[in-house]
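Sending over a structure as structure tokens; questions will come in a sec.
Chain naming follows the written order as A, B, C and D, and within any one chain the residues start at number 1.
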Amino acid sequence: MSLNYTSDEMMTIAAARKIRNGAPLFVGIGLPSAAANLARQTHAPDTILIYESGTIGAKPSVLPLSIGDGELSETADAVVSIPEMFAYWLQGGRVALGFLGAAQIDKYANINSTVIGGTYQKPKVRLPGAGGAQEIAANCGEVLITLRHNKRAFVEKLDFLTSGGHFEGGDSRSKRNLPGRGPTAVITDLGILEPHPETKELTLTNVHQGVTVEQVVAETGWALKVAEQVGTTEPPTERELAVLRDLNERTARAHAGQQ
Amino acid sequence: MSLNYTSDEMMTIAAARKIRNGAPLFVGIGLPSAAANLARQTHAPDTILIYESGTIGAKPSVLPLSIGDGELSETADAVVSIPEMFAYWLQGGRVALGFLGAAQIDKYANINSTVIGGTYQKPKVRLPGAGGAQEIAANCGEVLITLRHNKRAFVEKLDFLTSGGHFEGGDSRSKRNLPGRGPTAVITDLGILEPHPETKELTLTNVHQGVTVEQVVAETGWALKVAEQVGTTEPPTERELAVLRDLNERTARAHAGQQ
Amino acid sequence: MIGFPSWQNRGLAHITTLSQAIRESVHDGDVVALEGFTHLIPYAAGHEIVRQGKKDLTVIRMTPDVIYDMLIGSGCVKKIVFSWGGNPGVGSLHRLRDAVEKDWPKPIEVEEHAHAGMAAMYAAGAANLPFGVLRGYIGTDLTKYNNRIKFIDCPFTGEKLAAVPAHRPDVTVIHAQKADRKGNVQMWGVVGVQKEAVLAAKRSIVTVEEIVDDLQAPPNAVVLPYWVVGHVCEVKGGAFPSYAQGYYARNNAFYKRWDDISKDRETFTAWMEKHIKNTKDFAEFKRVLEGK
Amino acid sequence: MIGFPSWQNRGLAHITTLSQAIRESVHDGDVVALEGFTHLIPYAAGHEIVRQGKKDLTVIRMTPDVIYDMLIGSGCVKKIVFSWGGNPGVGSLHRLRDAVEKDWPKPIEVEEHAHAGMAAMYAAGAANLPFGVLRGYIGTDLTKYNNRIKFIDCPFTGEKLAAVPAHRPDVTVIHAQKADRKGNVQMWGVVGVQKEAVLAAKRSIVTVEEIVDDLQAPPNAVVLPYWVVGHVCEVKGGAFPSYAQGYYARNNAFYKRWDDISKDRETFTAWMEKHIKNTKDFAEFKRVLEGK
């Protein structure tokens, strides 16, 4: 039987699969939160969801719209202040995995979520900014990045470096003495990129079913390195799709119907 | 009518009278705690008692034996962690008055509660040490010091400077840029000493009833400065004595009879 | 400068109307922090600042959201100090963007940090330290445009760490669940950086869902004693469209609606006129909003 | 050195006997913090360290009290790091004094701080910072004898501030009121510096009054999640003669009695022999103490 699914669903499911059961996970809103909760409801029931609002071990039944929705604190094992969250938990080195989105990414998995175009002072598009992204990128054990794959996002040169990935590649991250290992995978709607062990340059290692390597290269704003053996992502299972769709439906219902 | 009272009772009562109603007060165990609770039960009912255990606005019915007795946290308006107590509350500049005891004091109201005799490494008497005293001395709006008056305690030179008062006198404290004004009075079982406005040298300003200036000078290990007009401390009122004794009796009953 | 010993400046908490609190404690040109991390955002107080037409404010907040969009679009703000400026789960703050990108209604100065830096700045302020230290900012472009991010060396290990100056707002405004009649304030749930923001500030205003006889706070509850709090004002529902745990839920639909209200200058201005400027207080705002 | 990311090192909390916990997690030569600020002092765990004859320990604590007197007098301790070493409300710690003043039973190294410094050292450790900053120590003699107190300049104001290195104990031992069967730990009342001490340490042992199905913790309670805790051991009454709020009161009389027990080397040794070394666990200790 062949299932119908969107490329966004594939991206979320591919990201969810990267989550090891039992790992403390720093979760942002949107796709990271969907992936984390999908993982928790499928193969990784003991995943510890940490939202930067201070909720540790949250077990939401629907996806929160904001990072501090009431259900997060009601279901958490502990709720701490923001200074404590950032000092003792994130910087304290207690979070195995951080999940980031981005407006732009470069070949060393550095990301931009600050400004697009123009100058910093007078940008074409002013984005929300770093939030907790740069400290997640610095302090989590490893970082996963998810975003849609196209040339506007995958750029040769970032308009602004908001959060450091592997900087100029090679040992440029370890020289900066950051606690975490940095990005270990970039999961897009087309495939999966991983940093080369030595050069740290992002390399295409997987394409999702129905996607060609040429297509990914064409949607990347630099000369994308391609692994010798490019795998094909397992398509979503029936269970993964069903859980994800159920989660999204319940979420939509929960956030509608007010005011 | 003339009341009988001990010189320790006079010392406690004289210290209690220095407490302004409504002031947040950092309280140590022993005489400071007795004075603070006496004040709270007489002229200063809205005094805010802060114990370094993290209990803010404690209202104990008996004097605690330790600085973290259960009754303190049960009756407090707020109970915070130790790092918060020292960072946000004491160092934060929120405490009007600190109360310190000492093993030794010098003419500039610097105090020693660390070692007596011998060397630091191999002292004759190892005392408990600073605890919170040096940061109380640095950060409270002002500091009161209480101790029994004799030549072993009132010394020309401290064996160890644990907590800074007015250092070498004059502007030597303000040059060190400490937030609080430092000691404003030393209350003993014989009288009251206050720093000279300019030189900051401790000056005898009051003797308790029945005590002579000569007696105080004789019990002081340096050539004690005496104010032109030395006042005589009002003796304890009936109410003050009754409340203090009742407090001490209830305390003794509460701390006996176990194990 | 060693900060101010706050016991010299504060009287007892003052239970007043919100209108009086803003009038007495927020002045043109002040540095103002309206804090709240998705939960307990002081919307009613923000409306009142707009209503009273305060000017030239420097506004601080980790997560400026819709209320900062209102303040900026209404021309109250000279400078913003922040780490994430968006409509959570929805998208952009259109009024913030319009001010930064197109100087409407006036140019706005931007001092930009990351969350950990902002949290450290408030914590340093609360602790009367001139600066906070963190592992952060290394290698990011934020340091190129913000000279209030510096680096220092650990005197023990030689490691390079980021240093940020303390926040010391003129006034901090927060919303909490409860206060008692003396002015002791209690909050719970996502408590954010509000305690630090109040303790770091010279003055403070706390709006609460209700004023009760006795807080009946559990042990180690987050309680701000009356003597570190300025004005306390009862404003039921005053965190709408944010939420107050135990009282009402986040109105996610309004956050989505704000996207349309704020996209365009005229729609925004008309909405603000009708709902904020032409209403006398938060209760009337709610009535007008609900079409009553 | 940037500390260790603890997520690499820890498994789930491990519910064991106290004897097993001490055997597995406290090794000769370790840096050990048994924290507790008058409340919730981990006496039972301290006894077990004596019982197992651990050696050459560096022991850290803000307020070393009777349990540190026991450890020192029993020869377990090489070095003590502290800020106030006394028997609260009673007087001296005779065994601590005898070690410092007369090298009995062996010489002891002393690293001495003040409370705010020790608190900052634990907080820095918990935050994976190499040092903490505070307003303190200026002009005091502590700085002459402790080269781990340094001074730094604020990069913004130029002010001089004290810097102290982070505490990173090999193992932290605390007592708490409750744990659940997963190993989530809850404490309340005077909570001291215990959370920081656990988060700063490589390993941890938590003794609790009881293990329950569900903590039923109120919002914002002090809870240590199971995945940052090592061993969890149920030891009823394990804080005696300290107290556990909600369970039993501080036994002030025992603290006073300790003065007589500890004053003299022989009395102390005999008491330790009978009550600690010749008993197999804390329950038996209590029975012997109570003459049953």
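The working rule: a contact is a pair of C-beta atoms (placed from the backbone, for glycine too) under 8 Å apart; a residue touches a chain by one contact, two chains touch by 3 or more.
As the structure is a prediction and not an experimental result, all values here were calculated from the model.
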Query raised in the report: Which neighbours do chain B and chain C have in common?
Result: D
Report task. Go ahead and note the Å separation of the Cα centroids belonging to chain A and chain D. Result -> 40
Report summary line: The distance between the C-alpha centres of chain A and chain B, rounded to whole Å, is 57
Query raised in the report: How many angstrom lie between the CA centroids of chain B and chain D, rounded to a whole number?
Result: 28
Query raised in the report: Out of chain C, which residues touch more than one other chain, so two or more?
Result: 2, 123, 128-129, 134-135, 159, 189, 191, 195-196, 219-222, 245
Query raised in the report: Do you know which chain A residues sit against two or more other chains?
Result: 73, 79, 87, 91, 139, 177-179
Query raised in the report: When you draw the chains as points and link the ones that touch, which shape shows up: line, ring, star, complete, or other?
Result: other
**Report entry** Which chain pairs touch, all of them
**Finding:** A-C, A-D, B-C, B-D, C-D
Query - Sites on chain B touched by chain D in the complex - result: 29-30, 52-55, 64-70, 72-74, 79, 81-83, 85-87, 90-91, 114, 118, 120-135, 138-139, 160-164, 167, 176-179, 255-259
**Report entry** Residues of chain C touching chain B in the complex
**Finding:** 2-8, 12, 123, 126-129, 184, 195-196, 199, 219-221, 223-225, 227-228
Requested in this report: State the interface residues of chain A toward chain D in the complex, per the touch definition above.
Outcome: 22-24, 48, 56-57, 73, 77-80, 87-88, 91-96, 139, 141, 177-180
Report task. Over in the complex, which chain D residues touch chain B? Could you list them? Result -> 37-39, 62-63, 82-86, 88-90, 92-93, 96-97, 100-101, 110, 112-116, 119-120, 122-123, 134-142, 144-145, 159-160, 189-193, 195-196, 222, 241, 243, 245, 249-257
Report summary line: In the complex, the residues of chain C that touch chain D are 1-2, 128-131, 133-135, 148, 150, 152, 154-157, 159, 161, 163, 165, 188-189, 191, 218-222, 245
